[in-house]
Amino acid sequence: MIDKFVRSVAEAMAGIKDGSTVLVAGFAQIGEPRALIDGRIEQGAKDLTVVHNTAGRGREGVARLIGEGRVRKIVCSFARSRGSVLFEEVYARGEIELEMVPQGTLAERIRAGGAGIPAFFTPTGGGTLVARGKETRVIDGRECVLEQAIRGDVALVEAWRADRWGNLVYRDAGRNFNPVVAAAGALTIAQTQNIAELGELTPEMIVTPGIYVDRVVHVPSGDPPVVIS
Amino acid sequence: MIDKFVRSVAEAMAGIKDGSTVLVAGFAQIGEPRALIDGRIEQGAKDLTVVHNTAGRGREGVARLIGEGRVRKIVCSFARSRGSVLFEEVYARGEIELEMVPQGTLAERIRAGGAGIPAFFTPTGGGTLVARGKETRVIDGRECVLEQAIRGDVALVEAWRADRWGNLVYRDAGRNFNPVVAAAGALTIAQTQNIAELGELTPEMIVTPGIYVDRVVHVPSGDPPVVIS
Amino acid sequence: MPNWKPWAREELAARVAQDIPEGWSVNLGIGIPTLVGNYVPPDREVIVHSENGIVGMGPAPRPEALNPWLVNASRQHVTLRTGASYMNHADSLGMVRGGHLDLCVLGGFQVAENGDLANWSRSEDDSAPAIGGAMDLAVGAKRIWVVMEHTTKSGEKRLLRRCTYPLTATACTKRVYTDLAVIEVTEKGFVVIDRVPGLSFDELQARTDAEVHGA
Amino acid sequence: MPNWKPWAREELAARVAQDIPEGWSVNLGIGIPTLVGNYVPPDREVIVHSENGIVGMGPAPRPEALNPWLVNASRQHVTLRTGASYMNHADSLGMVRGGHLDLCVLGGFQVAENGDLANWSRSEDDSAPAIGGAMDLAVGAKRIWVVMEHTTKSGEKRLLRRCTYPLTATACTKRVYTDLAVIEVTEKGFVVIDRVPGLSFDELQARTDAEVHGA
């Protein structure tokens, strides 16, 4: 019987090596696998390349991972954002490498990694600093940039419901990067708010087929924070 | 009020020009927009480039379009298949151009067309006849082929249910090429087995957002044929 | 004292909203562009897209109906319209880049008379800026409308012959809404199609680096 | 009369099925490979993928339970296992090309000792052949097992030093199941790991173009 559930975050993290590339899903704290990020910190791996939409906010999640000195390089679309204090400190000390990527290119590079497309041309970034140092080509009259796929040694996602095959569904805007990140990890680990019996997630409902998922851990952490600005 | 429903197949076909590139969804007769293909024939456009998984079977659908001499070029992954009689006749007379594409490359080229990716490298076809005459590059030790996006002047799809915004869902294996084809047409036309009130298709259920769809026509044609081999 | 008054943020947002016809699909960037959504009349069906995979956003929720799992790209809590749907991030930005949105309204630092837009970084030496989805939106949407103040607070011009800040995308801007005027970007450059009441053409030109043309 | 008998199609399919462990995700090509699905015991959870966007196919339906909307890539009506799901065609072939399937079982015309596979066309001059998903599967799956008769009906060899037919993919085949033997493709070439009872090593070599090695 296939059963991808593991009993703890520690068990989910087993065997992750220093120097890994870690893809972290989530957008604006929604659908962000916070327990798994914290689990990375406990588990101790360092010298990581982290791929995430931002360099983190406040002192939690990806920001904490950076603050603890575990991240050699961050690949993101927002480096500076409200509350990116830990990143700014570490970056100012020259202790982290930064690769800035337009958000659509970031999502597409991860999607390409999961779909076995090693590289693609995109008009995004043509004629801008983003194209600097990259191969470019004029296609249909527009300057396009050759971008490389991103694959993770590890991919961390948060699901709303998961079954023992690792089939996943997401909640509302918690979908975001999760399906593309789930497909792009050599080892994909999901935390899930809820457990579903096999068959409760119907063929039409399932967003991420379990084939993409290696380990699932039940983390009923509840709603993301409400921020009124 | 947005309302993409039109009253007839003829109305759905209005304004389509000779020489158009027409993407036709469906796989093995499931989810194939048969009424729209027949509508193309009635509407009279010719000199078409048709992009479809096969060159048709029997004397219906894409095969009929070819048999009636409307197709200048067919782009497909199966040219010869059981019952591809009309194509074989027309091809033997040298009256149609054929571009053979591996099925995954075909799906990906259409997906790229919809997603604004003008070209991509793929390992599929590397070191084979498919790579002949194309730009290739060794990436991570594998020969990869540069493939171009496909966009349609017209895209024809079949949905199971559609609402007035043009939101679509598909039935079972009727999904296949439909979502990628729907996204890659300058003019996307859907035939639907059933009409849904706006809101009946929930945000999680919708596979093709109506933004991709221009016209919808109600064609309750019923189940595809059962073929026992 | 000048005998004219710049449009306020809310007036500007309302002015943009007024120009969006029913049926358009639009993405509204961070800042004033986000406000635009509040001024589209509820009975006018405009489909608002957000980078994080939402098609069909509605206005901000009443506090008692707030869904913590539903935010826009500016991390503001939002609602869904009837007919809305979710996509993953790659498909969502693919929709943007693939040219499926009728309009994107973005904030700006500078716009050049050829349509070049700079809105993400004030210097090549800014080593840790925020790109977000702006570059994808700028190359992808059918039309880019930029909303910004006509000059900086210290009076530096922002409608230029050539941008001096790093570009977001080249030749993408179709129209600029400032607190002083509405300006089309055309083959002959900036063409003024509206001005705040009382502002003369010469006063507008004095605050604009590139030449402005009458409609 | 030889004192051995080739494996029948069904025996071959059963032999392949026996080697697929629980938990593997597999794609089964047209022909004998499709039959393999019938020999995987129902209590062994093997996830069968089909190019047309099905993950988790089950066996053929009882006639009264046939769903006209559910076919595999060979257009045979199928069922779903509990836990199955649908994908669109691009995502489905992306799953293939991205290396997410543990195994693909394909039919073959020829296999070379370096693992090259030819299974879609018998000649460069065949101007209208059928590629289908074979090239994607051959480059994408973690392992390719090829199932075919050891020689053609007229006795031509199919396990070759180099393929003479147009290739499907280079160096992709990991194992070949023929009606005479099971052969691993290794760095030193073809290694025999099983033979039909009574067939000598020399008799197998006589029917094989490339050198065959003992395990």
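Order of writing sets the chain letters: A, B, C and D. Residues in each chain are counted from 1.
Following the convention adopted for this analysis, a residue touches a chain if its C-beta (ideal position, glycine included) is under 8 Å from a C-beta of that chain, and two chains touch if they have at least 3 such contacts.
Here the structure is a predicted model, which is why all the values come from computation and not from measurement.
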| item | value |
| --- | --- |
| Pair exhibiting more inter-chain C-beta contacts, A-D or A-C | A-C |
| Rounded Å distance between chain A and chain D, as computed from the means of their C-alpha atoms | 35 |
| Inter-chain centre distance, chain C versus chain D - centres from mean C-alpha coordinates, in Å | 55 |
| Centre-of-Cα separation between chain D and chain B, whole angstrom | 29 |
| Residues of chain B engaged with two or more neighbouring chains | 108, 111, 115-117, 122-123, 142, 172, 203-204 |
| Chain D residues counted as touching two or more neighbouring chains | 86-87, 90, 94, 96-97, 139-140 |
| Interchain pairs in contact, sorted by label | A-B, A-C, A-D, B-C, B-D |
| Residues of chain A that touch chain C when the two form their complex | 27-31, 55, 77-81, 87-88, 91, 98, 100-105, 107-108, 110-111, 122-130, 142-143, 170-180, 207, 223-229 |
| Chain A contact footprint on chain C (complex, rising order) | 50-54, 66-71, 73, 75-77, 86-90, 92-94, 96-97, 121, 124, 127-136, 139-140, 166-170 |
| Contacting residues of chain D [partner chain A, same complex] | 22-23, 25, 45, 47, 49, 55-56, 80, 82-87, 90-91, 94-101, 139-140 |
| Of all residues in chain A, those that touch chain D in their complex | 1-2, 111, 113-117, 163, 165, 167, 183-184, 198-199, 201, 203-204, 206, 209-212 |
| Contacting residues of chain B [partner chain A, same complex] | 108, 112, 115-123, 139-140, 142, 144, 169, 172, 203-205 |
